[in-house]
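Below are two complexes that have chain A in common, paired first with chain B and then with chain C.
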Partner chain A sequence: MILILFIIAIFVLLAGTIFPLITASLDRKFIRTTSLSFIIVSSILLGIFSFINLISGESVLFTVYQPIKLFSLSFEIDRLSSFFLLLTSIVSACVAIYFTEYIEHMDGNSRRNLLCSSTCLFILAMVLVIASANTLSFFLFWELMAASSFLLVTYEYTREETKKAGIFYFIMTQLSSLFVLLGIIILFVITNSFAFLHLATSSVPLVTIAFLALFTGFSIKAGIIPFHKWLPYAHPASPSPISALMSGVMLKVAVYGLVRFLLDVFTPDVSWGVLILIAGTVSAVLGIIYALKEHDVKMMLAYSSIENIGVIFIGIGLSIIFTASNLPLLATISLLGALFHSLNHAIFKSLLFLTAGSVVSATNTRDIEHMGGLAHRMPVTSAFFFVGAVSIAALPPLNGFASELLIFIAFFTSVAVVNPLFKVLLFISIALFALTSALSASCFVKAFGSIFLAMPRSPESTDAHEVPSAMLIGPGILAAACILLGVFALQIFTVVGFAVPLPDMLFVSILLVGMAVFTYLVLYFTASHEVRVSETWGCGLLSQKASAEYSGHGFSEPLDVIFSAIYRTRIKNERKFFDQKSCLFKEGSGEIRLLKVFEEYLYHPIAKYSMKGARFVARFQNGCLDTYLLYVFVAVIALIIFLGWFA
Partner chain B sequence: MNLDFFIYLVINTLVVVTISPLFVSLTKKVKAKTQGRQGPPIFQTYFILIKLLKKEVIYSPNSSRIMRVTPFVTMAALLVAALFVPLVYLPEPQGGIGNIILFLYLIALARFFMALAGLDAGSSFGGMGSSREMSISAIIEPTTIIVFAALAFVFKTLNIFDMFASTAANGLLETPTLILIAISLFIIIIVETSRIPVDNPETHLELTMIHEGMILEQSGRNLALLELSAAVKMTILMALLINLIVPFGLTTTLTLAGILIALVAFVVKGSILAGLIGLFESSMAKKRFFQLPSLFAMAFFFSTLIIIMAVFS
Partner chain C sequence: MIDTAIVIGIIRILFVCIIITAAYIISTRNLLSVVSVYALQSLTLVAIAISLFSLEGSIVLLEIALVTFFSKVIIIPYFIATIQEKIRIKRDIEFHYLNPTSSLLLSMVLMLVIYMALSKIVPETPAHNSLFLFGAVLGISLMLMGMMVTFSRKRAITKVLGFLSMENGVLLFGMFVTELPFIIEFLIIIDLIILVILTAVLSVGIDSTLEDYHKRLHQFHLLKDSEEN
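For the complex of A and B:
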């Protein structure tokens, strides 16, 4: 019965896609607001639907269209899909509320209607990917999701960096689709069906190849290192709410795909778990180390998404290792940790992207070195960003901590039980996992400190104002969700029906508040109440200069030096002299450049060889009719020989 | 929450707040003696705290709400963290109090706020302190987690209460693993409480400028809170070490006599450890900041060795 909610939601989204297209030439606010409110309405419907489904644990199956026996366009929504639908609907609703106001400040006149339309389409595609009941419809909507997100990324197509980002994104996302398609085709060859059929064995090489293809496809989409390069390009190029949707939801759709195939199709081998764990750990550590170095706020958030996806993959990898080592309880805990972290990351990362969008639109720059002092100028936005920062830094009692704690607990209890060979691996990855969360605390101290604290470091930042209320409601809901999901983590798991060994964060939060009140009261009765506001001591300067502040660069400098081996800088000195013996100096230049390791050593060579291959193939296409006739002739001969031989 | 646990809450908080300044002074005293100085009286830290409470608070015009809430959040986080480490009376754990990972992250919460407060006034001293503090805490984190994982492995539990209960029941521990863990925990105390060779708690000048640099802009009652919370942090980390290695006296029954004996025992053990920390500090020179990673790497390999010994033995 509740299925009707899902169907209505789909149609509302469809209406939201079509409506701005019909009226594409009219540059009216109400068209865009209507289209975006369609998203809000459908998200609420979807949210109710998936919540009920998640609690009841029932699986809903229905077929829409079946042209041939082999393929049907059908949907199945079980608990896993409901969970990801819930995640999608929460984030989409908040982003849409925010977008209603944000879009009015954007350039592009009536083109903005198309932006609304593609946003609806994008959300629709993601919902349908999650709801798909067979691999082929999964792939079709996956492709729709890729195409609509490409439109969103290239919205500001006139800018040079957006063009580059768009092409980069397009290639990567198509590569991802190719691998997913390859995996699906191999699965079809094995099972002769497009359904999510369970394969009892993992020892057949073909199954392993299918897994590797799917894993690569999902990793590219999720931004696992070394396939991550599209994230730091696409996020700064696209409008902030789109970044929030892509980082918050689209990456999770890739996670969903991986989990779905691992649970429903494969019987994972332990080595797959090791592969996922290593990929996750590497992404987590490198992601946050790169994020520390970034001073473009959206690029920093993009790298931090890579880190968090790494954390999610760590949970998934652990779960597979534990399942294979016959420890179902630990496997459940780590899988729940991974899924809960997906939800939490979706919430706090979209919160951070939205508030960062507000900051960027208020200051007209993405460079955190040119911000500062915004805590006074944008008090509400700064409070919301702060909640997101505490969450992402995995500090209690907010939600980021709750999910990382689950993964930590799985790690800690695993130590005593699994086979010694994996112990070493687990130790290395728990140490790196701890490093990751500590580094992310450092990264977000830097981000919050540079953006919001101290004095403004640019005229735009000095004149910044708080954003309109619609741009505060969306992030506000997300910030509240961050707090609630953290404080009530244990209760939520109990309601959903999982007994997890989490500490009662509600109790801890009450204690925290209690202790703060106690401290306040003691001070109230014992300490002096005098307060004076006076200039910070500026080492003898008459008044403090904003340029003398500790900058974001300075903040991350110690870690830059410590991890300099990872950043791989290249130092170049060029000197010119008047004489041949290099005595009289004429001019010179020196530069220290950050090597883009993955781009220069992995992406560019691959691109170069593909171009070479393409040029070779292009020779066959010479445009001359005679040559094509020859091809046809050769093809016919080959066909005749083939048929004569085999048939 | 039952009555026993509530009494535990009150006792533990009162004990940790009243005793911790003493340990700070003792360390200072020992350091002074080894340098041939008289040193401050052992109640000096109390006098300083009382003096600070009477002074006015000065805020920078640049500073935001962060500066105003940080002392309270830091104090609250560390007082809750103190509940995770029973000092004198060991009740049954309740509602996840005692979870060793949560304990670690409560300390991280306090540090997060303090680092932000360091940036808030816009002075370069505070920023430098915050930056260094966050960097050091990030690179010591793998070691800390490995040591805590080793504890969880040796005691087969994640809860500090259960760990204490098991050491208290078994008396003095004879396993070499625990002695090795004690050494690792000692290194963590040195790093977490900003002591030589990592930082110098006596000064905020350029060469060290880590913890003290970060709280340079604080004044009056806020500074008193931050000083006290630093002392509380030192005490609870010390208590973790003490009650794991030499748990005599720690009472599991709620009697006045038991608690008094436990209190005396804890003060004696804590004073000895505080003295040891002072001696350790005096025997070392401050390391250059960028030499610290190699020091931490050593600590890391050391603690990994413990785990490997424990795991493969």
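For the complex of A and C:
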């Protein structure tokens, strides 16, 4: 019965896609608002549907279209899909509310209608990927998701930066699709079916290859290091609400894909768990280390997404290791931790992207060194950003803390039980994970401090104003969700039907609030109330300028020194001379920049060799008729030889 | 009627003639004689067709002989000879990939390979049928030798002759082995290519190599030169 909600939601999204296309030539606000309202309505319907489904735990299966016996376009929504649908609907609704106002401040006139349309299509594709009941329809919608997200990334296609990011994103996303398709084809070869059939064994090499292909495909989409490079390019290039959707939901769809295949299809081998755990740990640590160094707020958030996806993968990897080590309870806890962190990351990361979007549109810059002082000028936005920052830094009692704590608990309780080799691995992993949490706290202290505190460091931030109310409602809901999911974490798990060893966060938060109130009261009654008016000592300078402030750069300097081995720099000197013997100096340029390790040692060589290969192949097409006749000749001879000896 | 053994002997002799003419077409640089050798080759085919008719009595063979005689022995050679007189090119000195000597050597190897391949494909048959095996081998070899001419010579006119010689190969093959959809289909494609070239070359000037012809098209603005724009 509740299935009707899902179907209506799909049709509403479809209408939201088509409506702006029909009226594509009209540059009217109501068209865009209507289209985005379709997203809000369908998200609410989907939210209700998935919530009911999640609580009841029922699985809904229906087939839409079956052209041939092997393939059908069918959907199945079980608890796992419901969970991810819920996540999608919450984020989509808030982003759509925010977008109604944000889009009116964008360039592009009637092209913005197409942006609305592609956003609807993007959300539709993600919903259908999650709901797919077989691998082939999963892939179809996966590809639709890739294509529509490409349209969204390249919206501002006239900018050079966006063009580069678009092509980069397109190649990476197609690579991801390629690997997913490869995995699906191998699975088809093994099972002769496109359904999510459970394979009882993992020892067959073909099954391992299928897993590796799918893992690579999902890792590229999720932004696991070393496949992460598209994130820091695509996020700054695309509009902020799109970044919120991509980082909040699309990365989770990749996580969903991995979890779905691991749970429903494979019987994971312990080595797969180790692989996922290592990939997750490396991504988490390197992601946050790179984020620390970034001064572009959206790039920083992109790197922080890599970190959080790393954390989610750590949870998934742990769950597989525990399942293989016959520790089902710990496996459940770590998987729940990973899934809960997916939900939390979707919420706080979209919150951060939306508020960052507000800040960027108010100050016209993405460089946090040029912001500052926005807490007075944009108080509500800064409060929401603060909530997001506290959540992502995993401070109690917000949701980021709850989910990371679950994974930590799984780590802690495991140490005494598994075999020594894994013990070492888990120790290293937990140490790095703890480091990640600390670094992410410092990263967001830096971000919040540089963006909102102190004095404005540019005329734009001096003139910044609070954004309109629609751009506050969306982030507001997300901020409330951050708090609620954190404070009522234990209760939520109880309602859903899982007993987890979490502390009662409600109690913790009451305790924390009580302590804060108590401290305030003590200070209030004990401190002197005398007001002293004087000038702050300014190090002997006559007037205080914003440029003399403690900057974000300065804040992260100690960490830069500690991790200087990772932040390798490349020094480039170029000199030109008037004469050939290099005596008379003409001009020169010098540059010290951060070494882009993965780009320079992995992406560029691969690109270079594929270009080389392509050029080699291209030589066969030389435009000369004689050559083509020669090919035909050789082909005929080869055919004759084949017929004579091999047929 | 003539004795079967004698007819078979004649056909064998004609086979040798075909090989000689094919080898001549492949190796000679003298353009004028290529046409007459081609006419000779076609005439040999006519003779083979008639001999086969006397062996089997099938009217189709006679028809083939008739058509071949008029088209390939008289009309086409006459047409090409006329063009040759006009363009006054006597010798072919430009080659691609293979020079005449190496094409000759290669064609010998090819014949051997095809013989071995076909004798594996066609099951062992009585003596009478070994003639048919030879016919098939020769047909394919002639076709491939013609193809070698088409891609190794630069002059358009020699390419055309190579192609015509290929068609002779197909005819020979068709006479001895019936039903061969693949090769026929395959040749039709090449047929089209050559036809296009033929008409184009004839309209612009046949004395050119294909590269020259391309330049001329640019010169006459028949093709838009993208490099210039």
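The working rule: the second predicted complex is superposed on the first by the 589 of 647 C-alpha atoms of A that agree within 3 Å, B and C clash if a C-alpha of one lies under 4 Å from a C-alpha of the other, contacts with A are read in each partner's own complex, and residues count from 1 in each chain.
Here, a residue touches a chain if its C-beta (ideal position, glycine included) is under 8 Å from a C-beta of that chain, and two chains touch if they have at least 3 such contacts.
Worth saying up front: this structure is predicted, and the values here are computed from it rather than measured.
Participant: Would you mind checking which one, chain B or chain C, touches more residues on chain A?
Facilitator: B
Participant: May I ask you to decide whether A:637 touches chain B, chain C, both, or neither, giving the answer as first, second, both or neither?
Facilitator: second
Participant: Just to be sure I read the superposition right, which of the two partners does A:625 touch: chain B = first, chain C = second, or both, or neither?
Facilitator: Only chain C is touched by A:625; chain B is not.
Participant: Touching A:606, do we find chain B (first), chain C (second), both, or neither?
Facilitator: Neither chain B nor chain C is touched by A:606.
Participant: After the superposition on A, what does A:645 contact: first (chain B), second (chain C), both or neither?
Facilitator: second
Participant: Check whether A:556 is in contact with chain B, with chain C, with both or with neither, and answer first, second, both or neither.
Facilitator: After superposing on A, A:556 lies in contact with chain B but is clear of chain C.
Participant: Does the superposition put A:206 against chain B (first), chain C (second), both, or neither?
Facilitator: A:206 contacts neither chain B nor chain C.
Participant: Per the definitions at the top, what is the overlap between the chain A residues touching chain B and those touching chain C?
Facilitator: The overlap between the chain B and chain C interfaces on chain A is empty, containing no residue.
Participant: Can you list the chain A residues touching chain C in their complex?
Facilitator: The touching residues are 624-627, 629-630, 632-633, 636-637, 640-641, 643-645, 647.
Participant: Given the complex with chain A, which residues does chain C contribute to the contact?
Facilitator: Within the complex, chain C contacts chain A at residues 96-97, 110, 113-114, 116-118, 120-121, 140, 144, 147-148, 150-152, 154, 186, 190, 193, 197, 210.
Participant: What does chain B use to touch chain A in their complex?
Facilitator: That would be residues 1, 9, 13, 53-66, 72-73, 75-77, 79-80, 83, 94-97, 99-102, 105-106, 108-109, 111-112, 115-116, 119-124, 126-128, 130-132, 134-135, 137-139, 141-146, 148-149, 152-153, 156, 158, 217, 220-221, 224-225, 289-290, 293, 300, 304, 307-308, 311-312 of chain B.
Participant: Looking at the complex, which residues from chain A come into contact with chain B?
Facilitator: Within the complex, chain A touches chain B at residues 373, 375-376, 382, 390, 393-396, 401, 405, 408-409, 411-413, 415-416, 420, 423-424, 427, 430-435, 437-439, 441-442, 445-446, 448-450, 452-455, 490, 501-505, 507-508, 511-513, 515-516, 518-520, 523, 526-528, 530-539, 544, 546, 548-550, 554-559, 561-562.
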